[in-house]
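Following this line, the structures themselves.
What follows is chain A paired twice: with chain B in the first complex and chain C in the second.
Up next is the complex of A and B:
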């Protein structure tokens, strides 16, 4: 653990002052979006105040299992990650691309104005910061730029919260994407809950973050505060429910397109696409052209899609990947191998959502292990 | 795939990447019973769409949908823009009903083109199967327009039946030329057919080119391309001088929708034209 930077002394925001964060952000024109309990899960939605945070709740996760449980304390961020990711705000599940209408001599296309409200993401985990950075590469780093994503991204204020615990399906430590936020945030919080004390170690990661911090009541951290924050990160690191051995993983998967394990996993996989929907980096979409009943007005929509659907690979003559075996192989090989060639990074951040939300508890760390253990050299 | 590997300058869309531009249908030409060519001109003044042979556009039928279709016209002239397609689905069926005067949405051009510079000073062999001749037609136009830059040019074209041949007027002109060795074969002959019978791969063995100094361009159904590339290799044309054009599902054409992935490549931006040695191992994997 690095010693605290003496030039930037660690700063503490007391729990009692936490509502001020909402007020300061609102004053700067931000709508806060963050975790809240709904339908038996912690999801991300617009929040009016801290009373909507999942105070005193935690989650228990394992393959195919997610349960909310009461905590013994009143932690605001005492859970890991739920089914939602921030992807839904930056890359909405459905977005209109254009409207068009019939004219006297043909048709006219009307470009869509992108609505990009200023959003403050509260409670972004380290794995999620990495996921956002990965989608930045996908949508902003190539020959073409997704202008709508770019605008939403520019208008987002990211408040990270370092994990003080790890879930049963977490493996960010082995993916080197957590549990402590190191980059990509405007503000980072570490929740301290010890001996009746409830406070947040708070650090700015950007100029805007420093401005927001300056508007908040804060005071220098004590040695006990920084020790408690470090202990929280160490605790999370030590309790990762899963791990993924990424050594040579690209070549391992490229070398094994015909491994018998693909058949084995296909016999269990329902091809339901849950894993791709909950994944914070999966970026595939469909483009749908629709018209109204009069046929005078048409729209184009871009919607989340999944490589697990049969229609995804359809060409003249049928689907390129008609079997579940080929589709699971495509997903896993893309996520962990070809993604590296495409974007210079793995497509996996070790958040564990695909394991938790798989209805039959397929665990990619286990599938990779099985392939590795029986791969011909 | 390293984007710096391929040809540096390629024509890019002039408009917002996801917004189609209306183009007017000037003429519809029936190629076969189910295949047609559309000649298009831009609406609202001259705004030509420069393209490299082998590139494609996304074509939008108002209210129906959008499909990727290769450009099949002459790249040496500004107008018209020509697309040739077969009626195979909802969008192409609606496209087949368009008449002169109707509008069609166009965005593009997208993708990699045939690397014509790699063929300069060499023999060229072009192998086409069925509708695969469409993306090769701009290449043939280009080669003939710059005929002195190339040595022997062989065109081998196969269709299922004589009735399935597209661009028949071109084929007549091409077969009459002395500086282009064009051969056509059909899988099944009908009475009156005096040409070759059999799959197009059979023509590779005796086609007039020097394998040690030849560049090959191949487009057709994937199985046809696989066997053609095998035959070309058997004759001694190395994989790094063989090029093919792949078809995959495409929804955006700009690398965002993910549908066209082929190994680590996006067919829409890294392809559709690939050098064979860069996809040969992928082509051996079933259902990739």
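Up next is the complex of A and C:
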């Protein structure tokens, strides 16, 4: 990871000039997607302007609960992550892979045109940048490249926001994935809200980012601005709601396939797959072939799948992981241990979504702690 | 009149509200395509013309609640090469399976002036309790897209895509905000078979469990959370699990656990 250049002067974008960001991006052909309030949560959706951002809102999160609350100020990014992640744009939940129709001597496959609009992701948190980097490795890093993902990824412009607070289920500090964005962004913002002043420390992380920044009204930061931005990051680091001790975690989990805790968590786990759906790194999908009534047309669809379903491990003779115990163990062990062997990093970025959005508040940091505390040496 | 080359379809009704077979008529845009590929040979809701069996595909709606039903379903099975049950009544006994928890004789004596005229069984049971069923399509009512999928799959000789995972996967793929986590609304989505496309959560309502239990449903854990964290009372937990799929084993057991 490349630390920000200490010699580069920090730059400030005033709140009053913030709408210009939308105009500049639109001028470059980008549709902005970012946080907005919908149905009692902050979700990611297409935004026409900054007035659609969740100004003055925050979220309170704990295992199995999420609530929107009003803030005392008009912060634009005064919350953490919600139920959506950016993977819904880069790796859509349902994609048609191809269509086919019957011909006189067989069938013809009609390749699918990939919709890859130019999207500017506004408000990408550090944990989410790490998650995108992980999915990049999964979809682009191996021998087989996911062409649709590659196209969408190439057309994405990432505007990071450094967290000024942490949520009740956040633990990026212990995963070394945040709260300050260090790499993988085009632009990074730190929101400053102090003594009636509202502005953003803004820095470019790519050549395109620098071009966009050049088109924005900006001025050098004062010492007070820089101090305020640093304080925001420190505040977030200090208030992580959760932590995960990752020391020797691969060996710990590999050593404990029969730990009694797996049975305990399986008694609570609903195998509903919510954790995998909200996880910004979970990448599994299945393919469904469908035909129409006439049998003349067929389509292949790729949909988000989950290791919590029975069909996920179905082979001739049945599912390899018939018990919920086997499925939870598979998910957690892959996420935190075998992922390291497979992709070189943990599969977890500490965003806490799987804890918040588990309907019965199962907390992977608790599960690992329980295993660690009673693991045979 | 038999239409040569086309498979013959029959639709049968047992104890039910007709809603599921109406889902077939509700396929307005697809009805011509359906009748182009399959002969609607016996479907009294759609046509008075009845073509004699045997039938290639029988769709059976409703549960078995009378001695006459219990005999007639065997005739239907004998006349059908493939028998597919459609809806909560046919697959789990339906809302009328509420009788299974009470004494039928007692309430017929209260409700009817001449209870001796009532010929009914003590329990409402799904079709699969009586005859071999080739495929069960869930829902109260069934989803018309799933019904078309089952018919298309039958015509193509393939398995239908009606995955037995929970409603939550459909909900999350649609990007719907979880009503239980974000609003504290009790929801049966995590234990309920998908197929509706997360209809109720899309309108910010909890799932009512219309499609019955999903694969490996952990109703006990969900009920425990609803009671502890969402303050759902024990009588309400019984009622929550005792609706259209009251007779489905996991829901029946969970409803009884809170009595």
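As a working rule, the second predicted complex is superposed on the first by the 370 of 377 C-alpha atoms of A that agree within 3 Å, B and C clash if a C-alpha of one lies under 4 Å from a C-alpha of the other, contacts with A are read in each partner's own complex, and residues count from 1 in each chain.
Just so it is clear, a residue touches a chain if its C-beta (ideal position, glycine included) is under 8 Å from a C-beta of that chain, and two chains touch if they have at least 3 such contacts.
Quick caveat, the model's predicted, so the values are computed rather than measured.
Within the superposed three-chain model, A:269 lies in touch with chain C and out of touch with chain B [touch as defined at top]. In the overlay built on the shared chain, the residue A:284 is in contact with chain B alone; chain C does not reach it. Once the two complexes are laid over each other on the shared chain, residue contacts for A:143 go to chain B alone; chain C is not touched.
By the touch criterion defined above, A:235 reaches neither chain B nor chain C.
Within the superposed three-chain model, A:295 lies in touch with chain B and with chain C [touch as defined at top]. By the touch criterion defined above, A:41 reaches chain C but does not reach chain B. Where the contact sets of chain A with chain B and with chain C meet, they give residues 288-291, 295. Residue ranges of chain A in contact with chain B, taken from their complex: 97-98, 100, 102, 105-109, 111, 138-139, 142-144, 146-147, 257-258, 283-291, 295, 298, 300, 302, 305, 307, 312-316, 320-323, 325-326, 330, 334, 337-338, 341-342. Interface of chain B with chain A (complex): residues 1, 3, 16-22, 24, 43, 60, 62-66, 86, 88-89, 102-103, 105, 247-249, 251-252, 254-259, 261, 263-264, 266, 269, 285-288. The part of chain A that touches chain C in the complex is made up of residues 38-41, 43, 64-68, 83-84, 88, 93-94, 267-274, 277-278, 288-295, 303-304, 306, 308-311, 324, 356-357, 359-361.
Across the complex, chain C meets chain A through its residues 30, 33-34, 36-37, 148-149, 151-153, 155-156, 158, 161, 163-166, 168-169, 172-178, 180-184, 187, 189-191, 204, 215-218, 220-222, 224-225, 229.
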